[in-house]
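Structures for review follow.
Presented sequentially are two complexes of chain A, the first with chain B as partner and the second with chain C.
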Partner chain A sequence: MAQEILAPLAGKIFKLQVAVGDQVEEDDEVIIIEAMKMETPVFAPADGTVKEIKVKEGDAVEEDDVLAVIE
Partner chain B sequence: MIEKLLAIFMTSGFFYIKWNMLVMWLIGFALIYLAIAKNYEPLLLLPIGFGIILANLPLADLMKPHEGLLWRFYHYGIQWEIIPPLIFLGLGALTDFGPMLARPVLIFLGAGAQAGVYITFFVAYAIGFDLKEAATVGIIGGADGPTTIFLATKLAPHMLGSCAVAAYSYMALVPIIQPPIMKLLTTREERVIRMKKLRKVSTLEKILFPMVSALVIILLVPAAAPLMAMFMIGNLFREAKVVERLNRAAQNELLNIVTIFLGLPVGATMNAETFLQPKVIFIFFLGLLAFMASTATGVLLAKLMNLFNREKINPLLGAAGVSAVPMAARVVHKVGAEADKKNYLLMYAMGPNVAGVIGTVIAAGVFLTILK
Partner chain C sequence: MRPYFEKMAEFGKELKKSQLERAKENIQQVKTVEDGVAEAVDAVKNAGFPTEKINARGQMTVWQRLEYLLDPGTWCPLHTLYNPMDNEIGHTNVVDGLGKISGKWAAIIGFDNKYIAGAWIPGQSENIFRVTDLAKRLHIPLVWLVNCSGVKLDEQEKFYANRRGSGTTFFRHAELEQYGIPVLAGIYGTNPAGGGYQGISPTILFAHKNCNIAVGGGGILSGMSPKGYFDEEGAEQLIDAAKKYKVEPPGSVKIHYDETGFFRYVYEKEEEVLDGLKDYMKDMPSYNPKFFRVAEPKEPKFTDEDLYRLLPMNQKQVYSFDDILARLVDGSENMEFRPDYGPEVYTGLCKMDGFLVGCIGNRQGFLGKGYPEYADYPGIGGKLYRQGLIKLNEFVTLCGRDRVPIIWFQDTSGIDVGDIAEKAELLGLGQSLIYSIQQTDVPMMLVVLRKGTAAAHYIMGGPNANRHNVFTLGTAATEIYVMHGETAAVATYSRRLVKEKEGDRPLDPIIEAMNKLAQEYHDNSRPIYCAKYGLVDEVVPLDTMRKYLKAFAGAVYQNPKSICPQHQMILPRSIKG
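Let's look at the complex of A and B:
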C-alpha cells in the first residue's frame, strides 16, 4: 500500500536523508526542507521501503507537494 | 623643526582622547564582535558599532553639526525621516501577507503582543522617564528597528542610539528570551495543538490588502503615514507582479543601500556624553522587559481567544506577534516542534509575525499623535 509523503510547508529541499530502496520506519527523518532560513525535517508516515523520490536537493516545493512515495 | 613635529602631534586626535571615549570604543568593538563572531543582527550592529567608534574620535568631528560627514547622513537621512520609511519600502516588498490573510484572526495576536509596548511605557514613566522617553523605550518591545529609530528621532533623539542598540540586540536574542516565557505560560497540551490548514489566499486579496490597509490605517492614524505608506507601496510592488524591476530593487539594492545609511549614523549619535549615563542602563533593562512583556501578552491573548473559539489556536503563535521577522516565527516553530515534532507551526506563525509589524507602526503612530 503506497503512501505519499507530502510537504508540510512551502520551502526548498535542503537535504534528502534517504534514497530509493532504503528501508524506513515510521517517524524516521526522510527529507529536510528549508524555509525562512530554518531547516525542518519531514518524517516517514509509516514503515516501508522508499519507492520513489520526486524531488532533488534545491527544488522549491509548495505545501502538499508530493515529495516521495513509500510502500 | 621640533615645533613643526610638535604641531603635527598637537593637531592629532591622540592628544584629546578622554577615558569616556575609550569606553565607547570598547562598546563599539563589542558590538562589532557580537555581529561578526556571534552573528547578532550583523546588518545593523556592525555599522552601528563602527559608527560609535567614529563618533568618539576627537577632532575628527564626523558628527559636527552642518560639517561632519556622519552628521550629514544623520541629518538628511534620519532627522529628515527618509531612511526608516525607505527601509519599510524594502520590508513591504519582502513581506508575504498570505499566512495572515488566510487566517485573519491571527491579526489579533499581532496586536496583542503590542500590549507589551504599552506596559513598558507605563513602567518607564513610573521609574522616572518623561512621557516621550517612556514611549521610545516602550516601542523597543515592538521588535522593529526602523520604527524604533523613527519614533526616537521624533520623540527622544538623545536616546536614539541606545534604544536602537537595545532593540537590535534583543531581536538577536529572541531565541533565548522567548522560549522560557512561552513554556511558562502554556501547558504541554496547548503547545501540541495543530492548526487547521491555511486556505489559499487569492491574488486579488493580496493586491487589495496593501491598498485597503494603507487607506484605513493612514486615515485612522495619520502620524503613522510615512512608515505605513512606504510599507504598503512596497507590498503592492510585490503582489502586483507587473513591476518586478521595482520589486527586486526594493527588496535588494534599495534595502541594502539604505541599511548601510541607517546603521552608521545611528551608531554615530552615541557619543560618550549622551550614552554614558545611568539612565541608559534602565533603557536596556526596560527593553528586555518590553520583549518579555510582548511575548507574554501575545501568548496570553491567544489563550484568551481560545476560551471563545471552538477551533483552538496554538497559543505559542501569540509569541510570534513580537515582530522580529522571521526570528520569532522560527522560535514559535521550534518550541512547538519540541512538544510535537510533526507540528509545523512556522507558516502559521508568520501570520502574527507580519501583523505585528503593522501593529508596531500603529502603536508608534498612536504615541506620536498623543505625545507630539
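Let's look at the complex of A and C:
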C-alpha cells in the first residue's frame, strides 16, 4: 500500500536522505526541511520502499505538500 | 513509595543503524573540541614550577595533595580553566572541585603552590566565592589546602580591596560557619597577611610542622622609603638589611600550637596533615544514603558513548532530548510530568544513583500542528511558549514543595517573541519562573547541552539563579550568548545599512563590521571561552557527565537543610493521577 509523506511545516528542502528504490524502516529520516533556522527531519511513517520523491533540494514547500511516496 | 520509584517507566530509544552511520562525523567533531579542552586543562596543571622542583623542596604540589586526600574516582574538578582577569599563568592560582573524602562529599579547594607560592592573584576571589557558594548551597563541608604567600604585590589594585576582593573570602568562611557548615584547613608553607587569614579563618586548623600563619610577613623589612623615593643609597641600605635578616617568619608552630593553640593539630609529614583531614571528615554530619534513596542505584540501560552520536555539533540539527536523558539517568527510567502539555520542554522525575531528582530539558524540532495554540505560526523546540512556561513553573514549584533537587538541561534559542507572544503573557510567565525558582530553596545544577541563549538562559536555572545554581556544566557543543552573532549584527547595523544606502555611500565597511561582530560572537561563546570567564563552571566530556550528575545528587542528599518524607510527596501523585 502506498503511503504519502507530507511536509509537517512550510520550509525549504535542505536534504534528501534517501533515493527512489531505497528500503526504509519506520522512523528513518527521509527528508530534512529547513525552517525557522532549524533542520527538521521528516520520518518514514512505516517500513517500505521509496517509490517516488516529489521534491528536490532547495525547493520551497508548504505544510502538507506531498514530499515522497513509500510503498 | 516503592511502587512509585523502584521501577519507573523506561524511556529512550536504541540508536538505529542509519543514525550510527550518519553520526560518525559528529563523533569526530565532539572529540576534537573535547581534546582541545583537555589540552587547555593540561596546560593549567603544568603551569608554574615543575612538580620535581616542588618535591625537591620536600613539598607536595597541590595536585599531589588532592590525589592523596580524595577517595579514588570521586574527584569532579570545577573552574579548572577559570581565568576571568586573563592572568598570564592561565588560572586563578586555586584548584577546586567536588569530591569525596573518607566517603563524605566536600567542596575542596587548594592554593596552587607551583606558582608564586600560592599567592593571591586577580580573579582568585571570584573563584573562591564560587567554591564557598558550592559548600553553602550543598550544605557540605569546605576543605581548604592552604598554602598562600599573600598578595601578588605588583597587581594588588586588581583584587585586594573592594566588595568582592580577596578579604571578602574570610567573611564567606564566617558565613558558612553561621549556617553550621564546617571549614577544615590543612595548612602548609608560609602564609603571611592575607595568607594568614586564609589560615586562621577556617573552623579547624591542621598544621604541617613547617607552616606559619601571621598578620604580616617577615619579609617586610622597613616599610616605606624615608626619602619618599628609591635611589642607590637606599638600595644599598636595603641590601644590607636583607642580608642581616635571618629571623624565622612569625606565626610558626612554636607560636600557634604551643602558645596560642590556634592550630588544633600539628603533623611532621605533609601526608599526615591530609590523614588528619581524612580522619576528621569521617565525623562530618551526613545521612546514610539509604535515608534518602528511593531505589537501588543502577546504570542507564544505554551506553553513554551514544551521547557522542545523539548531541549534534551542528546547531541547526534537531535531536531527541529524551534519548539523551535516557543515557544519563538510572535504568533509563522516568516519571514524566504532564507529557501532553507544553511539548517544547521535558519535565520529569528520574533517579540519579538511587536519589530522586527533577529533570528539565528543552525538546528539539517541530512541535506539531496547532502548537503554540495562541499563534498562527509553527512552534519549534528550543523555544519556550506559553504552555511550556506554565509547565516549568508548576514542576519547579512542586519540586520545591517535595524537596527534590533539579537538574536543568538547556539547549534553547529563547522565548517566543512578538505581540502575539506578549499577549500570551510570555514575559510575565518567564519572570514567574524566576520567582518559582527563588521560592524553592532546593539546590539545582545546569548542563548547557548546546545553546544557552536570550532570557531563556537565565530563567531556566542558569548561573544567574545564583542562590540556587550549584554549578553549571558545558559540553563540546556549548555556546552561550544573548543572541546568535548574525542576529546581533543585523540588530546593530540594519538601520545603518539603510542610511548608507540612501546616502549612496559604499556598504562594504558596514558589511565588514557585521561579519566582524558575528565572528566575535562566535569566538566569545565557545566552550573554552565560557569556562575561562565563568559562564560555565567546567566543560565536561560527554562520557563524564553522569559522574557529575551523581556527585551533585549525592552531595545534595548528604546533609540537606530540610526533608520531605517520601510518602508525603505530591509530585509523584500528581504525575500518577
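As a convention for this text, the second predicted complex is superposed on the first by the 71 of 71 C-alpha atoms of A that agree within 3 Å, B and C clash if a C-alpha of one lies under 4 Å from a C-alpha of the other, contacts with A are read in each partner's own complex, and residues count from 1 in each chain.
As a convention for this text, a contact is a pair of C-beta atoms (placed from the backbone, for glycine too) under 8 Å apart; a residue touches a chain by one contact, two chains touch by 3 or more.
No experiment lies behind these values; they were computed from the predicted model shown.
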item: Combined model on chain A where chain B meets chain C, clash or fit; value: clash
item: First, second, both or neither for A:E25, with chain B first and chain C second; value: second
item: Partner chain(s) touched by A:M36 [first = chain B, second = chain C, both, neither]; value: both
item: Which superposed partner A:A2 touches (first chain B, second chain C, both, neither); value: neither
item: Chain B versus chain C, judged by how many residues of chain A each one touches; value: C
item: Clash-bearing segment of chain C relative to chain B, given 149-157, 185-193, 239-247 or 419-427; value: 419-427
item: Chain A residues contacted in one complex by chain B, in the other by chain C; value: 8-10, 27, 35-38, 40-41, 63
item: Touch list for chain B against partner chain A, complex; value: 197-198, 326, 329-330, 333-334, 337, 341-342, 344, 346-347, 350
item: Parts of chain A lying in touch with chain C, wherever the complex brings them together; value: 8-10, 17, 25, 27-29, 34-41, 63
item: Chain C residues within the chain A interface of the complex; value: 16, 18, 22, 314, 316-318, 364-366, 368-369, 378, 380, 382, 413
item: Residues of chain A that touch chain B when the two form their complex; value: 8-10, 27, 35-38, 40-41, 43, 63
